[in-house]
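One structure is given below, encoded as structure tokens.
Which chain is which? They are A, B, C and D, in the order written, and residues in each are numbered from 1.
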Amino acid sequence: MSPLAPRLKAALALFLLMALVPPVVTALGDPFLTVVANRMLVFAIAALSLDLILGYGAMVSFGHAAYLGFGAYAVALGARWGLSDLLAQILLGMAMSAGFALVTGAISLRTKGVYFIMITLAFAQMAYFFFVAQSSLGGDDGVALQARSSLLGVSLEGDMALYYVTLGALMTIYAGLYRLTGSRFGRVLKGTRENALRMQAMGYRPFPYQLVAYVIAACLCSVAGVLLANLTEYVSPAYMGWHRSGELIVMLVFGGIGTLTGAVAGALVAVGLEEVLAIFSDHWRLGFGLVLVLVVLFSPDGLTGLAKRLGIGGRGNG
Amino acid sequence: MTNLFLLQLLNGAQFGILLFLVAAGLTLVFGIMDFINLAHGVLYMVGAYLMATFAGLTDSFWLGLMLALPATLIFGLVLEFLVFRRLYDRSHLDQVLATFGLILMLSEGVRILWGSAPLNVDMPELLSGSVPLAGPLKYPVYRIAVIAAGLASAVGLWALINHTRVGMLLRAGASNRPMVAALGVDISRLFMLVFAFGAMLAGFAGAIVAPILSVDPGMGESILILTFVVIVIGGVGSIRGAFLAAILVGVVDTVGRTFGPIWLRMVMDPSAAAQTGRMLAPMLVYLLMAAVLFWSPTGLFGRKGAK
Amino acid sequence: MNRTKLTAALMLSAAMAPAAHAETLKIGILTTTSGPPAVLGEHARDGALLAAEQLGMVGGMETEIFVVDAEGKPDVAAQKARELVERDGVQFVIGPIFSNVMGAIAGPITESAFLLSPNAGPSVYAGENCHPNLFGVAYQNDQMPTVLAKHMNDTGIGDAFILAPNYQAGQDSLNGFKSVFEGTVTSELYVPLGQLDYSAELAQIAALQPSAVYAFLPGGMGVNFVKQYDQAGLKSIPLMTAFTVDETTLPAEQDAAVGMLSGTNWSPSLDVPASLAFVEAFEAKYDYVPALYAAGGYDSMMLIDSAVKAVGNVTDMDALRAALEAADFSSVRGDFSFSSNHFPVQNFYLAEAVKREDGKYQTQIVETVYEAYADAYVDQCKM
Amino acid sequence: MADLLEIRELRKNFGALAVTDGVSLSVAEGELHAVIGPNGAGKTTLIAQLSGQLAPDSGQVLYAGEDITHLDMAARVRRGLARSFQITALLPGMSVLENVALAVQARSGSSFRFWRDAGGEEITNAQARAALEEVGLADRASVQAQALSHGEQRQLELAVALATKPRLLLLDEPLAGTGGQEAERLIALMQRLKSRLTIVLIEHDMDAVFQLADRISVLVYGAIAATGSPEAVRADPAVRAAYLGEDA
């Protein structure tokens, strides 16, 4: 543990860089970039949570955006019930997500491979249509929030405040997952990814470990949802459509699965790329798609693979 | 009521066959070659757009179809050469990422070339009009032609996979490529042809449905998930499964949508039934898939232990 | 559309005028112009840009226009909206198309700028959530179905079969229809959003043989439905629609839609000088027939022009608001004014889909159903 | 000596083919019992049923007096019944030490620990190192499993099985694909182990089998053709005809 793993160093550098964004862009006279960067951080949290199950657990969920939605709706419901504290909303979002993930995860884990991909999609679509049908929450139109949440009495109305809370959440979750993936539990999860039969022959039953990981990932993703709702001050079922789930997978694979730093980098770059390309042309999707295809063709393991070939960072936990 | 029920059953089966027509090409590429091609939907869309263009240029449905088919075949070959052949040996996730990228590129490319507004394809004179059916309802002749095309694809694929040398090589190649290569078969050429053929099937489906559905840049995405649902319910790699699953999805969706609220009204008060019915209608297909996978984790006809 | 290029071009034309350099009129156009549902946003954008081009200097001032893609995602749209207001400092935003985007952008924009909607006019924004800085330039959503309901009443249609997709706008549409229709609704159907095949619904229509059908099925759903309706041989039963047969879908519906009736507040055939000139210029520039979304975009830009010209600066929000409320511009819709909730009072028409001599399709006004028609939510608006 | 493992009338069909055709067998505590037979005789299928990987169609498996027929693999491992795989089944992306440490972890304390670094658990690592020491892989502890030579992977297979602290070890062709020194080292290891453990050994290397086994069962077409001491089996005319004759 004493010498920091290269990837951990890369992550710390990344976080430091992100911490400098608000003062730097303010100094450059474009403070609004903080909001753009905040969006990148939110999706980094979502991608990070997906990495736990997809990268470390080899469970390819095509319905992960559902938990983004649960988090967002926790804010809308919280605001309605007088829960304006961010922590309370996070707890609510986690409770909703954990409940849904526990039931649907237990059923989904009966299946493997492509069937798992599709059954997780099915459950997410059900959640999506459930919220579309809730007229009291605006149905398909969604619901605008009157104000952002507060954290322990401090308002997050300012973009700077929300930004650093998001960065704090990302770093906390990164640290937590860094520990988790190196813990006993994380080892069992990785072992199951490598060879489930071998793990059984050691005396493990993969199911409870996979299910717990699935629930943890859901809860962490709902944190991203809570923050997304606060960032946009708006909650909509569009946050949980299958397209969004696909985008989360894309961010993760783009960054390189099974490495926490890759997940963060993938989300940052993917969201940033979309942002930059959209400035130049309405047809930005063409360029974005091209980048994705080229990355797959010429850089297996995504951006992390690319970084490794360029000599930045190496193998290691994290 | 009974008449209407039977009619809706027929409509459901008809919709199912339509779905199978689109899913057929995907079954081939996904089921046999174990390749997750999210871009299947856009290939279907490209087929429809090429059809619209050629039919417009030649002023004939049939000439348009005859030009659109080889065009999608060539398009498939080009895509295979440029992108797909580099992906066969890669993980499913890499395939997902690359084909997702292709969706973005091709959808946007279609918008650049053809614009965002939906296009029209006229029905051929020969197949327009309708035949009378139960009571006042007339059944469009073109629908019958679509059903025929779907059934023909099903039979053709089944025969191709199970009763031809190519089919045998394919099945063997999918499970053990070195072995087939050792038999002196050029496996990469075989896969190339199969992929292009799958692309052509997708394009064929797009061209055939163009006169009844909107030809627009979103048509590929709206059908993509449904075709995956069909293939997964049927069991990956099973033509028979995909066919039955398509019919099942069509019937459950159609009959559930129309009769669900009526059945719900028997157990709850009308306004609650209407509310619940509306919420459940779009979920039906997904409920069906979750239920099937719960009961049989590899679909109806999936190989046990297969991915 | 390339934002920087466009800005540069407009700046160039403005620079030649001897206008004061101190103040610049900044306008954002925020519609969905990428991805599958882009066509409506393109109409609105092209309409607004045509107006800007014709005006040269909008409001007689140096003008900078920011064209931004909402991507159809509410969260992206919310961010872009704030970007326009906070970073670019726009005073006016024209947008959006979709009502779920409306909810996401209305808050951030109306805090410090005016939002002019070329299309989306959900009832909450006409009623309880109305805002001094929000103007529904096009119409209030629920007005369209009432046009058809009134037409049915007027022509003595005693029963109707109605259907819409199952989402908020669909429910609003059918409720709007029912609030005016005096006959009996034989069946009220909601179909899942994005449905492809309508044979189940068509079978029910055939079985019930209603006197008329009212449908609200926007975009590709409408194309599918209209084609299949025609193919099922049901055209003997009049199909009347809102947002289902218009110039964005007619290129795909073509002959299947010809003769079908729809409710609208504008059509390319409208015999108003400003409108005829607009249609001619639009078709010459873009080579397609403008739909009501294009008219909404065009009118929005013209409205901004009139307000800024009247006030002479872009800093006095109260004066600008008053000038916008006055609506002193020549609308392509002819007589036009705002209710106290900032939604229009205007005529509504029954239009028929026709094939033109040049082979293109458009809607053609058949009769005026409502004159100077205000929406039903004015009383709920407290501002 | 009491029987540690008793198999009663075990049957398993794959379609029309009876791969396990009424096998009954008992293995005494402390015994090394070898199962031999020609290719396709159903040896690996038998192991799979004993380890819980495959459910038999009928029959019973008793372990230490308990009916374990319907227990899954993990439950059997926890009772002390470990196996190695014929086709190496390791965790290729993890280090040699981690491979073994996971086996240690499975039987010592909960694995629902989310925070403490598992790589820093001294007791676990010590036990894992001991198992590696035993098979002679201690100096390769930090190498990734996929980087090991074939012979080393066979050794690691054994180390992982040993790390579960088994009472009964099912070894499925541990010598397959090894040669010379590697094989000798493994045979010596099994020689040492048989003093401590009960072992069921499936093996094609006849020299090794006759050198190691206390008793031998011959499996032909899914059924036991003979069981007895190495000498008795060698002399059994039925075996010679059915198996050794062919093999020679």
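In this text, a residue touches a chain if its C-beta (ideal position, glycine included) is under 8 Å from a C-beta of that chain, and two chains touch if they have at least 3 such contacts.
Note that the structure is predicted; figures quoted are calculated from it, not measured.
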Inset, instruction - With centres defined as the mean of C-alpha atoms, identify the chain lying farthest from chain A. - result: D
Legend entry - Whole-Å gap separating chain C and chain D, where each centre is the average of the chain's CA atoms: 74
Inset, instruction - Give, as an integer number of Å, the spacing between the C-alpha centres of chain D and chain A. - result: 43
Inset, instruction - State, to the nearest whole Å, the distance from the C-alpha centre of chain B to the C-alpha centre of chain C. - result: 35
Legend entry - For chain A, residues that touch 2 or more chains besides their own: 132-133, 283, 285
Legend entry - Multi-partner residues of chain D (each touching 2 or more other chains): none
Inset, instruction - For chain C, jot down the residues that touch at least 2 other chains. - result: 34-35, 38, 166, 193
Inset, instruction - Quick one: label the inter-chain contact graph as line, ring, star, complete or other. - result: other
Inset, instruction - For this structure, give each pair of chains that are touching. - result: A-B, A-C, A-D, B-C
Legend entry - Interface residues, chain B side, partner chain C - complex: 4, 7-8, 11-12, 14-15, 18, 107-108, 111, 115-120, 122-123, 128, 130, 135-140, 142-143, 211-219, 221-223, 254-255, 257-258, 278, 281-282
Inset, instruction - In the complex, go through chain A and note every residue touching chain B. - result: 54, 60, 107, 110-115, 118-119, 121-123, 125-126, 129-130, 132-133, 242-243, 246, 249-250, 253-254, 257, 283, 285-286, 288-293, 295-297, 300, 302
Inset, instruction - Give every residue of chain A touching chain C within the complex, in rising order. - result: 30-32, 35-36, 39, 132-133, 135, 138-144, 228, 231-234, 236, 238-239, 278-285
Legend entry - chain C to chain A touching residues, read off their complex: 1-4, 33-35, 38, 69, 71, 73-75, 78-79, 82-83, 86-87, 99-100, 102-104, 106-108, 122, 166-169, 171, 193
Legend entry - Touch list for chain A against partner chain D, complex: 1, 179-180, 182-188, 190-191, 194-195, 197-205, 209, 212
